[in-house]
Amino acid sequence: MTDALDAAAIDDLMAESGDSSTDGSFRVRLDNFEGPFDLLLNLISRRQLDVTEVALSQVTDEFISYLAALDEWDLGKATEFLVVAATLLDLKAARLLPAAEVEDEEDLALLEARDLLFARLLQYRAYKLAAAYLGELERTQSKRHGRAVELEPRFAELLPEVLLDISPQQFAALAAQAMVPRPVPVVKTDHLYAPQVSLQEQLAIVRSRLRRSGAATFRALAGDCTLTIEVVARFLGLLELYRDGLVAFDQAAPLAELRVRWTGPDADQDADADNSSNIDEEYA
Amino acid sequence: MNADTVDEETLPTVAAAPVDAGRLAAALEAILFVVEAPVTVTALAAAVQQTTDAVADALDALRTGYDERGAGIDLREVGGGVRIYTRAEHADAVEQFLQEGQRSRLTQAALETLAVIAYRQPVTRSRVSAIRGVNVDGVVRTLLARGLIVEVGTDPETGGGLFRTTELFLEKMGLNSLEELPSLAPLLPDIEGLDAIAPDDL
Amino acid sequence: MNADTVDEETLPTVAAAPVDAGRLAAALEAILFVVEAPVTVTALAAAVQQTTDAVADALDALRTGYDERGAGIDLREVGGGVRIYTRAEHADAVEQFLQEGQRSRLTQAALETLAVIAYRQPVTRSRVSAIRGVNVDGVVRTLLARGLIVEVGTDPETGGGLFRTTELFLEKMGLNSLEELPSLAPLLPDIEGLDAIAPDDL
């Protein structure tokens, strides 16, 4: 039991542990997934492919048909997916980029960031495998029972006097702590959205730039971002504008330059700014 | 573990598969190791799906084995059943161990359970378990053994035993009465709503 | 001391007198029979007033004896101590007699969080959350309530609470120490490099 597990053995364990990623539809996976890493890992492992070979358009199609089958539009799930899709696209782009062509410092920085993302994903996977191993240990050990029986009276009397070195106030705090309702677990992604990056702000930036210039490439719109999360936020902002019919997209081919055109009113009709005032909450 | 010994002749002898005698004894030993009270041969036979005769033989072998190797435990017939006990001649070692034990301080889990019982008494074990989100059987047993709580009647609805804190508890806490326990109200958001908590969020 | 535990033998002398090995093993067996958690060899040695070496030898003999006769119980080193358990192969028979109520198994989320804590301890909640990609507050609370992890101080940099696994964790996993956890190294990218990344870099 103390032997180091080799990766293959752990993979077997993981397969046995009923990982739902190996079969089933999007629905199955989404019902089980826990967060972006989980979904991403599932998507990649399900296809048993390198990231570069994942057909993102196929995954997207599956997801859209999944969403279409839902009774209600689920903004939460859609947002999750966008984050994942953006990450996946990032990874894929980084993998496809021939190393020799990386001369631009900007590209290099981007590449590094993406490799870190991939490393994070591997880390996540490692702990998932370790968890499968722990689960196996727990299953085995739970079949062994220690004796948990009241002491025979003659022995019970011999226990040393019990010590309660705790003040009534500490005792009350303990009771309160034990009795507070545990929060219902929810899938949160606020760790992905760095709190200092406001979607609303990023949306305002792209809106004002597009309104001013009429059209721009996404690369240009996101050119001054320093954090990946800002790029993601601007992309989400664009989708928001698209939903409101304020912008249109043009892309000649997959992975080609993405152009964005302003199709909303030109004038300073800023009344609609209120519509997006709660957008951070919506996505948080 | 129902009623007393049943007349062995009347038992439906389920055509038990012949089983290795050593293995049967081992299964019985495992069962007897964990039980809280003497078990009838009938109940054992049902658990291992063997005849009472086979079980009786295996128990004999087990007892003889303990005696022959001078084990620290022995098998005794008590109150119509059998149970394993520590052998009397090793009682001094057990006593020595218990008295030296580092068990004088309550664990965090025991303290928290005690706190819940103190503030919700009288309360059933399952209620405490629901509040804490974990099984509290072992901890409740410890608190009982330490004389900090007692069982006082049963819950009319569930039939579960109701527990209260004792005078010893008050004494240990340096309190004159339960009224002196600090109020939880300032510490809790909405104590009334707490009854509605789901037992476990996982 | 109660009157019914009169023993004809003289008590062991204070200095570790040479003692019959079989008798020592029996005394240890008697002690191990009553404990509710793993016991260290040191504590056993103090109770029987023998050297830890002598105790370790006697425990080996006890374990070998259980193995050789294919007993229903065995002696395991778990959580830094030793304890007697029923053998896993008799779990079905044993569980019919246990009144422990429902045995709730850890969820996948709880296991994964536990894994991160086990390998990175002491570790903050936010660090675990960053590695797992989800909020872990609810799961951490449950693990705390079950006594599988404890808070041990705060992170000097972030002020967040630091968590460790407990002895109970080891016992539930059947591990003797954290060193028995398999190495993650072959599975991981350069994990030190990852530590340098702030979560918001994502």
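As written, the chains take the letters A, B and C, and residue 1 is the first residue of each chain.
The working rule: a residue touches a chain if its C-beta (ideal position, glycine included) is under 8 Å from a C-beta of that chain, and two chains touch if they have at least 3 such contacts.
The structure displayed is predicted, hence computed values, not measured ones.
With centres computed as the average of Cα coordinates, no chain lies farther from subunit C than A. A summary of chain positions shows that the Cα centroid lying nearest the centre of all protein Cα atoms is that of chain C.
Subunit A and subunit B have Cα centroids separated by 45 Å.
The distance from the centre of subunit B to the centre of subunit C, each centre being the mean of the chain's C-alpha atoms, comes to 21 Å.
In this assembly, the C-alpha centroid of subunit A lies 34 Å from the C-alpha centroid of subunit C.
Multi-chain contact residues, meaning those touching two or more other chains, occur in subunit B at positions 30, 33-36, 86, 91, 94-95, 98, 101, 132-133, 137-138, 201-202.
Contacts with at least two other chains are made by residues 145, 147-148, 151-152, 154-155, 158, 178, 182-185 of subunit A.
Listed in rising order, the residues of subunit B touching subunit A in the complex are 30, 33-36, 85-86, 91, 94-95, 98-99, 101, 103-106, 111-113, 115-116, 118-119, 131-133, 137-138, 141, 144-148, 169, 172-175, 180-184, 187-189, 191, 193-194, 197, 201-202. Within the complex, the subunit A residues that touch subunit B are 145, 147-152, 154-156, 158-166, 168-169, 171-185.
Here subunit B touches subunit C in the complex through residues 1, 22-23, 25-31, 33-36, 39, 47-48, 65, 69-73, 84, 86-98, 100-102, 107-109, 126, 129, 132-135, 137-138, 142, 200-202, going by the rule given at the top. Interface residues of subunit A facing subunit C in the complex, by the touch rule stated above, are 1-7, 10, 17, 34-38, 113, 116-117, 119-120, 122-135, 137-138, 140-148, 151-152, 154-155, 157-158, 178, 182-192, 194-197, 227-229.
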